[in-house]
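Some structures to go through are shown next.
Each of the two complexes below includes chain A, the first together with chain B, the second together with chain C.
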Partner chain A sequence: MSAGTRASPLPRRVAARPHAGFAAALLHRLSGIALALFLPMHFIALGTALQGADRLESFLGLTHNGFVRTAEWGLVSALALHMVLGLRVLALEWFATAERTALIVSTCVATALAVGLLFLLGGA
Partner chain B sequence: MSPMLYLAQRGTAVILAVAVAVHLGTILYAVRGGLTAGEILGRTQGNGAFLAFYGIFVVAAAIHAPIGLRSILREWTPWRGRSLDGAMLAVSALLAVLGLRAALAVYLA
Partner chain C sequence: MNAPFPAPSPTESTVDAAPGAMLTVRIRRDGGFQAFTVARRPAQTVLDVVTEIQREQDPTLAYRFACRVGMCGSCAMMVNGRPRWTCRTRVAAVAEGDGLTLEPLRNLPVVKDLAVDMEPFFAKWTAAHGAFEPGAVPADDFAVVAPESPERRAVDAGIECINCGVCYAACDVVAWNPDYLGPAALNRAWTLVNDVRDRGQDARLAAVSGDAGCQSCHTHMSCTEHCPKALAPTFAIAGLKRATARAALKRFGAQAFRGPSGRRPS
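Up next, the complex of A and B:
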């Protein structure tokens, strides 16, 4: 076989790593932005309790629709995703772990989806 | 990112990893069959451990989030300098004030 007909010198598994790492970084940032935007609204909602339980209850009543519940599911999933991807970053930085990036990132996403699913199945 | 911001970001990340895991567990347990204001306040009213936990949670988030946002904005936009730092300090103060107010609200309600 001549050099010109050879496939990429990098094994396929190694060549795929940058894509998984990029996806992890992008998902970590996007979930972080979503949480940062949501947090003030979440705090304001809970702060209505200062005006009594009825006020908080009436606010919660406004959230009983499909759009808000979908958003809640997304945010719970985003919180779980941001946490597990953050743990991955800490492990990479502090323990110099050699990781199988695609596998770890896939596991992070699956964990977040599982938490979101549990939230939905819980009757939220 | 300066060493101080790095340490603050990663240090709060460790605190938040624990706090978020507890918070998610609480959410998944509490929302079974729906959630009412009475159920929320029944757990939180006068509960000092709750107030301490969420006070730490809020302060850690108020430090962690603006540092992360600052990094993203510096990577994805041309925004730099004191105006960016000032805006992120404002975000931090907003999160701390609203978050501590929320924790106190469900503690005192």
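Up next, the complex of A and C:
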């Protein structure tokens, strides 16, 4: 196809327009990283229980801090987002369901925000 | 058409511009953009615009086309940031205001102006074992393949690919990992995985696995959304993921139950 002509290697010169599928993969990855970073802290919290109820209670006292509570809300939202986006990928890959990507991804994000809101309303 | 995905762009306007209207066309060449002005015409395609510029304004403009009717797959380029086949793309459907921005296909090296080198694209087709493998010994008789069988329907869903490279240009994973085989090659491999006559399945499944293979797909759906033939390479790649997983489980099971030497443990 190159007809003997040397082509210049410029494979990334053109940026594609951002789209919903890309946003879904990005959010899935970022929420996954957030959850992975949270896990060690979660295990540390559980580990304090081995040293007695008082240690656990004093550690849980940290959760009254405003920053930690905001982070908890973010984590719950990230967990919900990671789950619904994962279900989307499973549906696509196992059932070959044709989708309106922008609508489905928007619904996933809305669901995650709703779960986060429920967490806040639940007296977190 | 047996494609499982509906034809794209139902919401795009196809209303032609008023008589006498002009179109400003920006074409990426020589590291920058060059602007041309072309008259709007009824039912004008993007390929018509490029041809008019090349024949009447700048004969040095390089681009590629052959059939002009959506069969050969040679005229694809980036139109306003999206990969499209230009012979079947009307200006009225894609012009933004009175402007059109044309660039060579993404993810492929440029030969000149709007013509790209398709060599890497076809090399990956070969690397994915995209050719039918009849086996060492010819079959005794014709294979009977029922049109309604699941395998034949899976083949039908992906067989209409015309190698235009639109999906390859739309794919973000190719942009990140130049070794990634890409949607077209993997779609072709999936049609052959479902070909009951083919005798090269183990090698094909090994070729489409790994960092450059089907497992790298992030399910962005870009290929499926941009395919001008309304094929769904995303689903073909998902099929390959299932097939390669099954093959790996079989290998694992064979090793666990028969041992590495292939004999059952006593």
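Basically, the second predicted complex is superposed on the first by the 106 of 124 C-alpha atoms of A that agree within 3 Å, B and C clash if a C-alpha of one lies under 4 Å from a C-alpha of the other, contacts with A are read in each partner's own complex, and residues count from 1 in each chain.
The rule we apply is simple: contacts are C-beta pairs under 8 Å (C-beta built on N, C-alpha and C of every residue); 3 or more make two chains touch, one makes a residue touch a chain.
All of these numbers come straight from a predicted model, not from anything done at the bench.
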| item | value |
| --- | --- |
| Partner chain in contact with A:Gly21 - chain B first, chain C second, else both or neither | second |
| Chain B versus chain C as contact partner of A:Ala98, first or second or both or neither | second |
| Larger contact residue set on chain A - chain B or chain C | B |
| First (chain B), second (chain C), both or neither touched by A:Gly66 | neither |
| Shared chain A contacts, counted only where both chain B and chain C touch the same residue | 89, 93-94 |
| Residues of chain C that touch chain A when the two form their complex | 4-6, 28, 78, 81-82, 103-104, 106-112, 116-119, 122, 169-170, 172, 175, 178, 218-222, 225, 232, 234-235, 238-239, 241-242 |
| In the complex, chain A residues that touch chain C | 1-3, 5, 7-17, 19, 21-22, 24-25, 89, 92-94, 96, 98-99, 101 |
| Of chain B, residues touching chain A in the complex | 10, 13-14, 16-17, 20-21, 23-24, 27-28, 31-38, 40-41, 58, 61, 65, 68-69, 72, 91, 94-95, 98-99, 101-106, 108-109 |
| List of chain A residues in touch with chain B within their complex | 29, 32-33, 35-36, 39-40, 42-50, 52-54, 56-57, 60, 76, 79-80, 82-83, 86-87, 89-90, 93-94, 115, 118-119, 122-124 |
